[in-house]
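Naming follows writing order (A, B and C), and every chain is counted from residue 1.
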Amino acid sequence: MTGFLKKHGWTLGLLAILLTLLIAIRVVQPNFGASGLESLARAALPFAFATAAMAVVVIAGGIDLSVASMMAVTGVTAAVLMDNATEGQAVFAVIAVLLVGIAMGAINGALIVLTKVPDIVVTLAMLFVWEGVALLILSTPGGGAADWLRSIIAGPVSLPFLPEAWTFWLPNAFIFMAVAIAVIWLPLRRSKLGLSIYAIGSDDTAAFRSGIAIGRTRVAAYAVAGLFCALGGLSLTMGTGIGEPVPGPYLMASVAAVVLGGVVLGGGRGGLLGPIIAVFILRAIRLLLTLMAVDPNVTTIVEGTIMVVVVMLGAILMMRERRS
Amino acid sequence: MKRLTQTVAAGAVIASLSAAAFAAGHASYTIGVSNTVQGNGWREQMICAMNAQALASGDVAEMIIAHRNTDTAGQLEDIRNLIEADVDAIVLNPSNPDGLNDAIEDAIAAGIVVVAVDAGVTAEGAYILSNNQEEYAYLGARWLFEQLGGEGDVVYMRGIAGVSADTDRDNGFQRALAEFPNITVVHEVFTGWQQDQGKQQMLDFLATGIPFDGVWTSGIDNVIVDAFLESDVPLVPIVGADNAGFVQMLTEVEGLEGAAVTNPGSVGGAGVTLALQILEGNAPDDPLVLVDPALWDNTTDDGRAQITSAQNPNLDPEWPVSVSIDGWTTYSMDQIIACEGPGE
Amino acid sequence: MTDSGAEPLLLDAQSVSKRFGAVAALSNASLHLRRGEVVALMGANGAGKSTFVKILTGALRPDTGHVQIKGVDRRVGSPAEARRSGLVPVYQEPSLIPDLTVADNLRLGDTDEAAFRHWVAELGVSDLNLGEMIHRLPLATLRILDLARALASKPDVLLLDEMTAALPTDLVEKVLKTVRAQADEGLAVIFVSHRFPEIAALCDRASVLRDGETVGDLPIEDGVEDRAVELMLGAALTPGQLAEDRDAHVPQTATGTPRLKVSGIGLGGKLTDVSFDLHPGEVLGVVALEGQGQDELFDILAGFRRAETGTLEVDGTTREFTHPADAIAAGLTFVPGNRAEALLMDRSVRENIALPFSARLRAWAGLPMKREAARVAEAIERLQIDTRAQGEVRRLSGGNQQKVTIGRWIATGVETLLLFDPTRGIDVRTKRQIYPLVRELAAQGAAVLFYTSELEEVQLACDRAVVMFGGRVVDIIDAAEADEPTLMRAAYGLPRNAPAEAAS
């Protein structure tokens, strides 16, 4: 039990913070309920995928500054492919978008591995390249999205074998996110590739000596990040019904959520659960501040301060643990 | 999309609004605001006009303002958060005409009045109050091309690629360009509506030595004049917006010929007025209300007179000079500069 | 070779050479192993051991010569490929992923878990939880796990690279016993080590490298230590000029209160009960094979790390260093072996020499600038540096750079100087200009601690030498007696009084 607490302490702490925030929201706005949870889940969706993408490369000991731009590319690709397409054709559009994401991520990774230029430089350059690609695909916001796709993340869950009173609280957007991330991450995490991703982030000399193909693993990590970015771009198009070529504020937010979520910058440590909870924390803070009608120029300061305080607190706790 | 231009009778609106306000005599409404560009003079004026008009109206108890840099998905989040906050009306500057419809429809379904200012939305049941952006670009471009005698090379400095206001303005610019076949665009850039970026782009282009006869800017204007002065290059006619800094230059900079096209951020205040009207049961027949721009040039006496009367040294130099819209806003100059809403 | 045993060679490395730029790391190295053989690979610092190990494991490609494993040419490739070929290395630093559990590490390397558990138990580690994170386990356990993992992969040839260093004695015994038993079953083992007792207990033969060349293949028998020491030294002793230099240098015998008194310093498994005195005007050599605790000792004296036990006294007062600033305040100045860490590479010689002046700005505030400038000019004169290259220190040769790092202290004055291998990679001529600099500092009253990886330097520059082995001070030898064979034997932990010259 103590072992479990030690191992998942950070995640449990984040959950506690999230619960506290939800309670605070409920106190400020007594009407807060199912629809509020749905707003929160829908708002968190693109951030969650961006954060998952960032978390995977950070665990692999890298960083990807082009996540928001890749989301823009996949978002507009989805919107363009689905514009005037039938509902059936949209299935192929989704598959194509996911492949585009994987390909972009793999290109990022391959460039880092082949040129040996630091990841931060390569992905900074690719941030602009992908941004340009997005504008080439769609110069102004537009396109469309299939209705069935958009309805996936709308409303609460309805399951035939569960009473509505239960499922009423569970937004579809949340289920979509949880399923998409779990389907990709859980098998990967336990696979040899997943272990290799942790290994190269943890200690690349030891990983090399353990017989891991460092370069290929790195490319794979970036490709997985690209896949998550594609889901993020797709979720943007699902939410808005259009494609937007100008990248949204997902880069900084994803780095913030990854750090807050307990993934160590530098690699090797952490998972996806913590960062995803961190995404919800950041969204809940925003909601709370809106409900309290806090001066908009103060909200960003509050968001930043809360993050620094939580991360610092975590660092202090970790140091305590190491000393004892 | 073809827009109807509607000129609204000023007196009638003010009268009915004031009457309603005094009759009801309460300050009970909560108005939510959503805006996705922060740190830009125009948008800051818009927010201040909303605050000032809410205060001046006497009908608003609280303003909840979501004002940050974000994308359409972020604005969706803000609108949904405002719904959760149980606001009576949402006045928003939409980042996209189509992408926000889900949340706007949710808001309308929840009985919330939705007014989009500055740009349109396609959601059923939402009201739109906007400066006519196509007309804005057409007016300035036509003046510039006429100033050049219908012939010459111009630099075309746009806003942000893919943003609807930029697209609308491009339509107006292209319409004017079509009327002047001997005008050529030698250089087209996107300033991102960023002062420093626009200035650097002009400095870079001046450094190339490629000759040109005029500049049309999408509101990044006074820094363009600075770029000319710093590079010690003879000035050419420049079209900008009614930003305080640029308007001042039109009166003070030796040898500068130029024109300012009004694009008041105070449509924000007008949006609040419209929202309150609708809440009081006085909805307009047409959900689209367009405010037409005016052009003030410093080459005619008429234009110079308008420029002089509009200047106020207390205004933020990056704000538009036109701080009010006749018939739509009732706050004083001091109130908008103070930028305080009710309850502050 | 005349051996025509029925057994084919498991590993056969012939005439391997490798150059790095102008430096020949290996010129003619050979090694061969049969089933069941355990061979020690020996060599002094810089003899080319680590390059040879890298070539054997396939991390580097030899320039000439060949390496065959089971009759197949060794290809340069990934460690995974090396493993498939049958040669599995175990290093001093375990190659386990710190942030994964033991079980995940096993899965990563496709290690058979049952076999791994068997070997872990065999090697004397009970109560191992496979769900434990690697970074939570002590280093000694990790070495055992690494070895167990290697054994579980059923290698033909096992390469143990200093893996017993800083391992507790009981575990060392278990390791040696297990490896020996496996060798008796047919495993071939290459044992890279500095430790004669372990070599004697485990190995059949010792292959000795000197200056990149295999100079001998000795059966393990009585007296092999002396023979090995002799082979490792070879004809490196050059009389003539060297002897002259040595004669010119008269070791001082210092008395009185020591400038620095080190008593009973200990740090984890790296340092144990290290004690010695360093007097003003004395140059005290530190002699040790690589990784015997000298790095940690200098780190502690420079305030980079804190000792776990023991005390430091400076001029008779006990001091505690919690930060490099404390060491500097106590007058201890550290000159790292890596010159890039000590110099402002883009600045001039003059500025670099004057740097300690500016660093002590407050203390020197009252001094007239002219006097400082004069002293810097004088120091440059003394250093015999080609002033044409004065613009940037970067453009100086390595030797001249090192002269600047030491010479600056002549200009500034220094109480205690900690020199860490200052002559590594420097040509002979420049080296011989550095010794007098060090002596001059001592003559000015400075106390100098001088770690060197070149044994002959002890008699050229030092008054006494502290010899470390396995984290302990095993001997303190006066310069007069500190000839290379004596130092070499001591550095290998062999008793001093045994006849070093017995074999010759």
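By our rule, contacts are C-beta pairs under 8 Å (C-beta built on N, C-alpha and C of every residue); 3 or more make two chains touch, one makes a residue touch a chain.
Just so we're clear, the structure is a prediction, and the values are computed from it rather than from any experiment.
Asks: State which chains count as neighbours of chain A and simultaneously of chain B.
Replies: none
Asks: Hey, which chain is the most central one here, using CA centres?
Replies: A
Asks: If you average the CA atoms of chain A and of chain B, how far apart do the two points sit, in angstrom?
Replies: Those two chain centres are 35 Å apart.
Asks: Averaging over Cα atoms per chain, report the distance between chain A and chain C in Å.
Replies: So the centroids are 47 Å from each other.
Asks: CA centre of chain B versus CA centre of chain C: separation in Å?
Replies: Taking the mean C-alpha position of each chain, the two centres sit 72 Å apart.
Asks: Hey, what residues on chain C touch two or more of the other chains?
Replies: none
Asks: Please give the residue numbers of chain C that touch chain A in the complex, ascending.
Replies: Residues 78-80, 83, 89, 91, 93-100, 104-105, 107-109.
Asks: Quick check: in the complex, which residue numbers of chain A touch chain B?
Replies: Against chain B, the touching part of chain A is residues 29, 31-32, 35-36, 39, 42-43, 46, 135, 138-142, 150, 154, 236, 239-242, 244-249, 283, 286-287, 290-291, 293, 295-297, 299-300.
Asks: Using the touch definition from the top, list the residues of chain B that touch chain A in their complex.
Replies: 38, 47, 62-74, 76-78, 80-86, 96, 98-102, 160-164, 167
Asks: Can you list the chain A residues touching chain C in their complex?
Replies: 192, 195-196, 198-199, 201-203, 205-213, 268-269
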